[in-house]
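Look for chain A in each of the two complexes below; its partner is chain B in the first and chain C in the second.
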Partner chain A sequence: MEKNYYVCTGCGLLCDDIEVESEKNIINKVYTACRVGVAHMKNAKGETNFLVDNKPVDEATAVREAASILKNAKNPLIFGLGTSTDETQKLAIELAKKTNATLDDTSSFCLGPLVEALLQDKLKTCTLEDVRNKADVIIFWGADPSDSHPRHLSKHSYFPRGSEKQKGWEEERTAIAIDVRKSHTAKICGNYFFQIPPGGDTEFIDALIAALSGKLPKTSYKYPPKKILELANILKGAKFGVIFAGLGLIYSLEDLEPVFRLMKVLNEKANFHLVPMVGHYNMRGFNENLFAETGYVNRVKFEDGIVKHGPEYSVVESLKAKTVDAALIIGSDPLSSLPRSVSKNLLEIPVISIDPCETLTSKHAKIYINTAVSGVEAGGSATRMDGTKVSFKPVVETVHPSDEAILKKIMEAV
Partner chain B sequence: MDFGSFLAAPEIKIKIVTYRDIFQDKAMIENRFGEEYRDRSAILKLDPADFKQLNIKKGDTVILKNSFGKIVVKAEESGYEIPHRGIAYMPNSPWSNMLVSDETGGTGVPKFKDISATVTSAKGEKVTELRF
Partner chain C sequence: MTNAMELYQMLPKTNCKKCGKTSCMAFAVSLMSRELTPEDCPPLKEESKYRESYEKICELFKPSEGATETGLIVHEDLCFGCGNCVVACPPNVANDPYGVGSGKAPTNVNRLVLTVEDGVVKAQNLGECRRFGKNKILCYGCIVTCPVEAIEFV
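Moving on to the complex of A and B:
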């Protein structure tokens, strides 16, 4: 019997081997997915909701009111889109152009710079299949996939046998964790866990570069040089190494220069790749789609055919400086995920929330449109954390409109 | 050691490092306004020595405070083998975000994983509700 596999859109891994049992468009059982994936796919919902000022309205009214807010705004903010398909993201870019909007996504305050560097070919990268088939040295740096991407180690990076790694993790792979705390992933790495103090990453990188270059590694926090030299020796011997870079690393650096320095030396001595630990299932897709359109991965402002770019167009700085006068938030909950000291300014402007879940943001929105869960109730395409394109079909049918359908209607009404 | 730590109700200065937790993520997907998500988010993991100094028991509430906000969360010992006095851990959530500074130096990137705050016993005060 031919099996019917689905894609899980619960995180940036986009696992494509999921089986489900469903009845009357309700998913009862999910096989193969992780704990987060199962919850994501079984995330059943109630009736369709279109709310204006928290009062139920019909779809046409909600769309008309949303379009009116965007039309009347001088500088609307369009934000979110990390859990939307490519098709939705491209529409949002068009809508931003049409409404002279500021457009940004969550990569603006997480892994955006890393994805940008990859799209500009500044870093050597590889696919997760390459990792499974070839990788012998795997570094989790400021990343804890056992919690953030639960099938990362079992499906791709450590435990599976690969075409060139038939003896598996026991004999042919070394997993290393560099982190500020002993995470679940660090525990798996055993003796290859290197605990550094918060903010100590740049110094550790430079000490590691010194060790790779045959010099004595020094840090102000007196990390044992012997341990850094041991690590350097392992890295030098890598035939196919990969660094999975997480938020812990990125937040600790002022810019990416230390990462560029390290990757350069690693590739003089061995063969190393870097893959960003993208959280939202299509954040990288947003970066790629906007990059193709504007040359920038995030933080843009459209103004009569011109594209402006810079930190002042980031969601955080726009809200802080109160330069935006309305907000269209798609599949994101900035009232929860941004510092409250910044996100509170959203309460002063009209907000349109398009989201499959009721959130703090949707509760305080002028307009709330409850949409289909992307990847469960609506299909499309997306980019996995390693840049691989993945297409998916909906698992069940729904009465909820997709965010793509809603954006199309808003676009027509603007 | 700071003066506050000698008070009858000790006040300790800490740096909070946030992290991801699979059980908390699952609870958020199921119900972000639910009890499980609150229990798995509004929690501070302290070094055993800091925990002892606060004169509290596992599951007691503590007040975390800085110039950006004040929250009440439950406290417990981290369980990490390596001592980490002055550093505490907390899952990334709307609760931790209530304490994150708006100072970004114009970069657009808040210090989500680097929060300075004081911690004191909340003497039975309830965990902060998730609302504006």
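Moving on to the complex of A and C:
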């Protein structure tokens, strides 16, 4: 019998081999997904909720009120969308155009620059299938997939057999962790864990480049040169290398220039690819959809048909400078995730929160619309961390409207 | 827990071969792999001067609660279902090379030792585990690949 597999939208890995047993739209058992994925899929809820000023209303009222906030605002902020489908994201871009909004997502303070570089072909990349089939040297840099993307090592990057990797991980793959602490992933990497001090990434890159070029690697924190030379030797021998770049690396760099330099040297000596460790299941999709539309991956402001772009249009800067006068927040909780000094300004403007879960932001919102869990109760398509398109159908049916359906209605009403 | 050398230190060290092994050291190795039990060394079991050692060794090898036939226990509170052990387990790979062996959903559940259910690893079909049966060997596949030490053999 052909098996019926579902896609898990619990993280940027979008595992597509999940079996589910459900009855009366309640998920009873989930096979093969990790614990994070199971929690995400079993996140079943009760009644739908439409709240205005924390009082229950019907859907039409909530939509009407939301539309009127957006209409009356001079510069509304539209933010979030990392856990929304491509279809929803495209609608949000249209809505931003129509309402002259500032549009941004979480990538502006995490992996956005890296995804942008990939979309502009500035870095060599590959798919996770390539990694499974071919990769012999795998580097986790400032990333701990064992915590953030639990099936990363088992499904793609280290343990599985691939078409050109039939003998198994012990013989054919080397996994390396470069991090400031001994993470769970670093533990798996054993002797190939390179512990560097916080903020030490740029220097480590320079030392590594020196070692790759046959020079003595030096760091101000006196990293044993022998170990760096040993690492350089492994990297030089890679037939298909891949760097999984995480937030730890990005936060430690002022800009991506050291990464470009390292990738250049690595590709002179060997064959290396880079894949960003995108956390939210469709953050990369947002970057790609906005890029296709505007040429930018985030931080844009629409104004009467033209697009402006710049750091001042990031969620953080626009809240700091109080340039936005309303906010539509979709599937994100900036009141919890942004620094208090920034997020407190959200309390001064009308906020519309569209989220499958109650959050701090939704509790303080003027309007809260409780939507279906994307990927579990609503289908669509998304972009995996490596750029692969994945489509999915809902696992169960729900009374909750999808964020796509809600945005469509708001769009019609503005 | 312990190693063969430590066990050897507690044995009679006479190499009398009554256990069927060529030496006490060989017996210690068989104990470790659970091929033999402490009772299989007659002098250890019967002679009073070894009583203390015998009890200590028995204590080490007493089947603990929750353990499966191979002594495998899953600490369900620690396991987060990453699947590393599932994909690395040699009999799993041999019995389902294009399913779990390739990192994907199982296609041959009836012959797999480890699978993930509801986000936690489940052990079954222990007859397939390399630590079980006549040709058993000490396999560490599922232990060294687990990031959180959720699998243990006792």
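Please note the rule applied: the second predicted complex is superposed on the first by the 414 of 414 C-alpha atoms of A that agree within 3 Å, B and C clash if a C-alpha of one lies under 4 Å from a C-alpha of the other, contacts with A are read in each partner's own complex, and residues count from 1 in each chain.
Simple rule for what comes next: a residue touches a chain if its C-beta (ideal position, glycine included) is under 8 Å from a C-beta of that chain, and two chains touch if they have at least 3 such contacts.
Bear in mind that the values here come from a model prediction, so they are computed numbers and not experimental data.
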Simultaneous placement of chain C and chain B on chain A, clash or fit: fit
Which superposed partner A:P56 touches (first chain B, second chain C, both, neither): neither
Partner chain in contact with A:P339 - chain B first, chain C second, else both or neither: first
Partner chain in contact with A:G248 - chain B first, chain C second, else both or neither: first
Chain B versus chain C as contact partner of A:S146, first or second or both or neither: both
Winner by number of chain A residues touched, once chain B and chain C are compared: B
First (chain B), second (chain C), both or neither touched by A:Q195: first
Contacts of A:N43 with chain B and chain C, given as first, second, both or neither: first
A:P224 touches, of chain B and chain C: first, second, both or neither? neither
Partner chain(s) touched by A:R181 [first = chain B, second = chain C, both, neither]: first
Which superposed partner A:F109 touches (first chain B, second chain C, both, neither): first
For chain A as apex, the angle formed with chain B and chain C - C-alpha centres, to the nearest 10 degrees: 70
Three-chain overlay, closest Cα atoms of chain B and chain C, distance in Å: 8
Footprint overlap on chain A, comparing chain B with chain C: 34-36, 39, 146, 150, 184
Chain A to chain C touching residues, read off their complex: 3, 5, 17-19, 29-39, 132, 146, 150-151, 153-156, 158-162, 168-169, 184-185, 187-188
Complex interface listing, chain C residues touching chain A: 79-84, 86-88, 93, 97, 101-107, 115-120, 145, 147-148
Chain A contact footprint on chain B (complex, rising order): 15, 17, 19-23, 25-26, 29-30, 32-33, 68-69, 78, 80-82, 84, 87, 89, 93-94, 97-98, 100-102, 104, 106-114, 130-132
Parts of chain A lying in touch with chain B, wherever the complex brings them together: 10, 34-36, 39-40, 43, 108-109, 144, 146-148, 150, 180-184, 195, 198-199, 247-248, 251-252, 299, 311-312, 314-317, 320, 333, 335-344, 347, 357-360, 364
